[in-house]
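Chain IDs A, B, C and D follow the sequence of writing; residue 1 opens each chain.
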């Protein structure tokens, strides 16, 4: 049985891998572009999911840490001619460093105080970027950020080539987060989310665990930021507003908070939606606002949770005898933070 | 007057009340005693509509009230003196009493009621404009009772009136409960941990043990029944 | 004292009083219902638009329009509570916070789509007139705004202190269960609290719209600032919210006076972080809280 | 093993605990009982420093532990459970126990993965949940959740377990099973302090019992001594004086 399952799983993975690898060959530039955007946001929301979904801390600072990654990488490469891979690494370090600083202050607080302090930091970062035109171009932003030339012998000035960088980045990030939550520290993060007080009393240094989660999450946000900047070749403070921060949260929540696949689904859904419905594009934020309210009200476990409960319903209608009650109510309420 | 049938109440997965049936007749003092965590407070909260039941029924003077919102239940004439007094700490004594008559429309009658309560509890009159949070435990209990009287309910639900109160004041409050019943004909459901006190005050008693009624009967009989003590002290 | 400083003192008072209208409602909703309503700023923006349309399009008298706005947006607030926050009564604080952010995003962008991003000014009856105080000329406009907000805050105080609804409101804040046992219809009270909070924010929006401009993004920062002020004053404390609003108004005005105005937005966030670091219960925490 | 010495705790002028002292011997099951609001949970909170005592000291194995951070207290070998929320609801039974092992990394950095895994298996067997390992904790019954909570506590390799009303919400059969489990746990050399409302359970399992009323210790002794104690009887049944 398990062997069968593994074989099935393996072939599924192989199939996905092949599809992912040939996408740029099959699809046109425009579609590859959309997929690239999705890929970048998968990195970003997967990292947000580490702190929000797995550690249960509602952070609005993520967009700011993403911005730090984007600006660090652009400035290093354009002003100081640092090679791409190094500036990618340094932008992760920079974001992690700022994440550590923000965490040091914000993680002293819990629940809504943590949320508002991170929101403040997100805005502070944006306002500082806005007010330092010499370094960041101020409200005008930075133009003509170069594509990374010649990494491992590949030229990334083509979107189809850049696709592979993003693909590797996204897969690496998802696998890293999946690995992370399997470790003892990762389990401790989930323990903090589930019941912070109890976690303390079984010997988990909850502050330390939250710091680790926040810093790692920041580093990955920096990673996404760097790729974002080089891929889109233009950044400005307007790409990193609170509205965008809310969109990120929506991606995680609508997909399914605290699951590996949920944020991927959420990012894909929310980026494709306005692209599919061209007329609707300008109503994007109106729709996102409504979606956020509706998700919280009617499916706090996100699309993934919805699929699962439908699946369970179908299953249980086949097998009427089920003596384990689902306990959904309890879980639903704890879906974010608590 | 008050009739409970097969009532079950849950807190999340925890069934706190596991099928209780009991009755309070007009003019009676009925007491519900039992150790900690037996479900006494939950039962009263369910009667008042603060907590919802999962099955069973509660009837009050022929009206099913187990699905009613609490303010409608108050209108029918159920006055609840909650555990721990629960006076409004930042409001004055007078304002607290006025809150008691919140559902009453007749302001003249209310004035009379106020005088009546100050007659019953002269100490409250002395403290009329003091914040309720500054009163002693006993005074707060008097205020809580006075607040309920303001409504002129048909049934009083007393929840642990002796809890956390000095012994001398307990006696005074016990007298007050007796007077309400004897002089004003009030029907009373009294929940108490202090079994000896409750059995002396009441006509009939139910003993609650982990969500179920394990003994019931006239209070005088139960007062001399050593099964009561055994339930409290955990004999097999 | 230089004229500039006197001018700043008055300006600080005016913006402080506007913030007070915002913060009092915010703190009532938090203190009694434990809801952090980040869409509060959008109600303020809607108030601005409502007043603008009545005054500039339908030529209704400014003050009548303000009263109508108070009522319309108040009723709107009542229904928002019933439709969105009532079903979330048992949800965690963070879930309601997220829902309120979604609501904020929805309302502000909807208005942006429908009304466009133009900045509009509400005509004010006494605009241009000014009187002299301590040798400094002060516009009548600002004085009227000050008097109006002071009146509304006093009116609210009176309602809370002496009316039956006000008593029910206080009782609910102090002990919800006990209030229910007195026969207070808690659901109705919650709706009323939201209505009051929305109405006051809407009036603030109308007043600001007459002083400056009305536009769809005007609610974002004031909504946030109301939250910061409430933290500054101590969550749930009405007196704290009033004092916090004044302090905040002055902090902003003097930053603009001495530093570049682009730093004004930063002030709030820095105050927030400092207060939370050094006095997390707020400057006046526990004054009038539950 | 555990010594509580003159512990007091005030809340806004209210004395929740006043001058409570007692000693728990190693290898015993020790009960803490008393009417509602007697200060039992406050006592646990003071021992594990959820909030520190206003005055007085707590010693564990001769070392003072007053005012040490909760996670450090667990590292020393004391683990407590809580009245209502006792497990990590969305994790599987297996992962719940693994979470309990987090502290072992601090205590014994050299332990291998196989040892960790074996420990989980042993604990799951002991608490009788080995057939539920993949079940999400929130889907367990109340009784099983409590057993899981004890399993988590055991995974921290505590020498002293503080259990706050483990039998709350259980039916008599589940309570009986739980008491058997506690006896088995004690056989493993773990000392247990138990707050419990179910008097039958407490009387049946504890070697010694402390009775609290209004934050004060009114009696200490064997279950039989406690049952005979007039002060205890009065605390539970009341005096019944109507002046």
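Here, a contact is a pair of C-beta atoms (placed from the backbone, for glycine too) under 8 Å apart; a residue touches a chain by one contact, two chains touch by 3 or more.
Just so it is clear, the structure is predicted and the values come from calculations on it, not from any experiment.
Q: Centre to centre, using CA atoms, which chain is the farthest one from subunit B?
A: Between subunit B and the rest, the longest centre separation is with A.
Q: Top contact pair of chains, counted by C-beta pairs?
A: Comparing chain pairs, contacts are most numerous for A-C.
Q: Using CA atom averages as chain centres, what separation in Å is found between subunit A and subunit B?
A: Each chain reduced to its C-alpha mean, subunit A and subunit B end up 54 Å apart.
Q: Taking the mean of the CA coordinates per chain, how far is subunit A from subunit D in Å?
A: 41
Q: So the centre of each chain is just the mean of its C-alpha atoms; given that, what is the distance between subunit B and subunit D in Å?
A: Spacing between the chain centres: roughly 33 Å.
Q: CA centre of subunit C versus CA centre of subunit D: separation in Å?
A: 48
Q: If you look at subunit D, which of its residues touch at least two other chains?
A: In subunit D, no residue touches two or more other chains.
Q: Provide the list of subunit C residues touching at least two other chains, using ranges where the numbers run on.
A: none
Q: Specify, in ascending order, the residues of subunit A that touch 2 or more different other chains.
A: Only 327, 330, 334 qualify.
Q: What residues of subunit C sit close enough to touch subunit A in their complex?
A: Against subunit A, subunit C makes touches at 36, 84, 87-88, 90-99, 101-110, 113, 220, 224, 227-228, 231, 260, 262-263, 265-266, 269-270, 272-273, 276-277, 280.
Q: Can you name the residues of subunit D that touch subunit A in the complex?
A: Subunit D reaches subunit A through residues 48, 50, 70-71, 74-75, 79-82, 85-91, 95, 98-103, 105-106, 135-136, 138-139, 152-153, 155-156.
Q: Going by the contact rule set out above, which residues of subunit C touch subunit B in the complex?
A: Per the stated touch rule, the residues are 164, 167-168, 170-171, 174-175, 177-187, 288.
Q: Using the touch definition up top, name the residues of subunit D that touch subunit B in the complex.
A: Touching subunit B: residues 35-37, 141-142, 165, 168-169, 172, 197-204, 214, 227, 232-233, 236-243 of subunit D.
Q: Considering the complex alone, what residue numbers of subunit B touch subunit D?
A: 11, 13-16, 35-37, 160, 162-164, 167-168, 170-172, 174-175, 178, 192-201, 210, 228-229, 232-236
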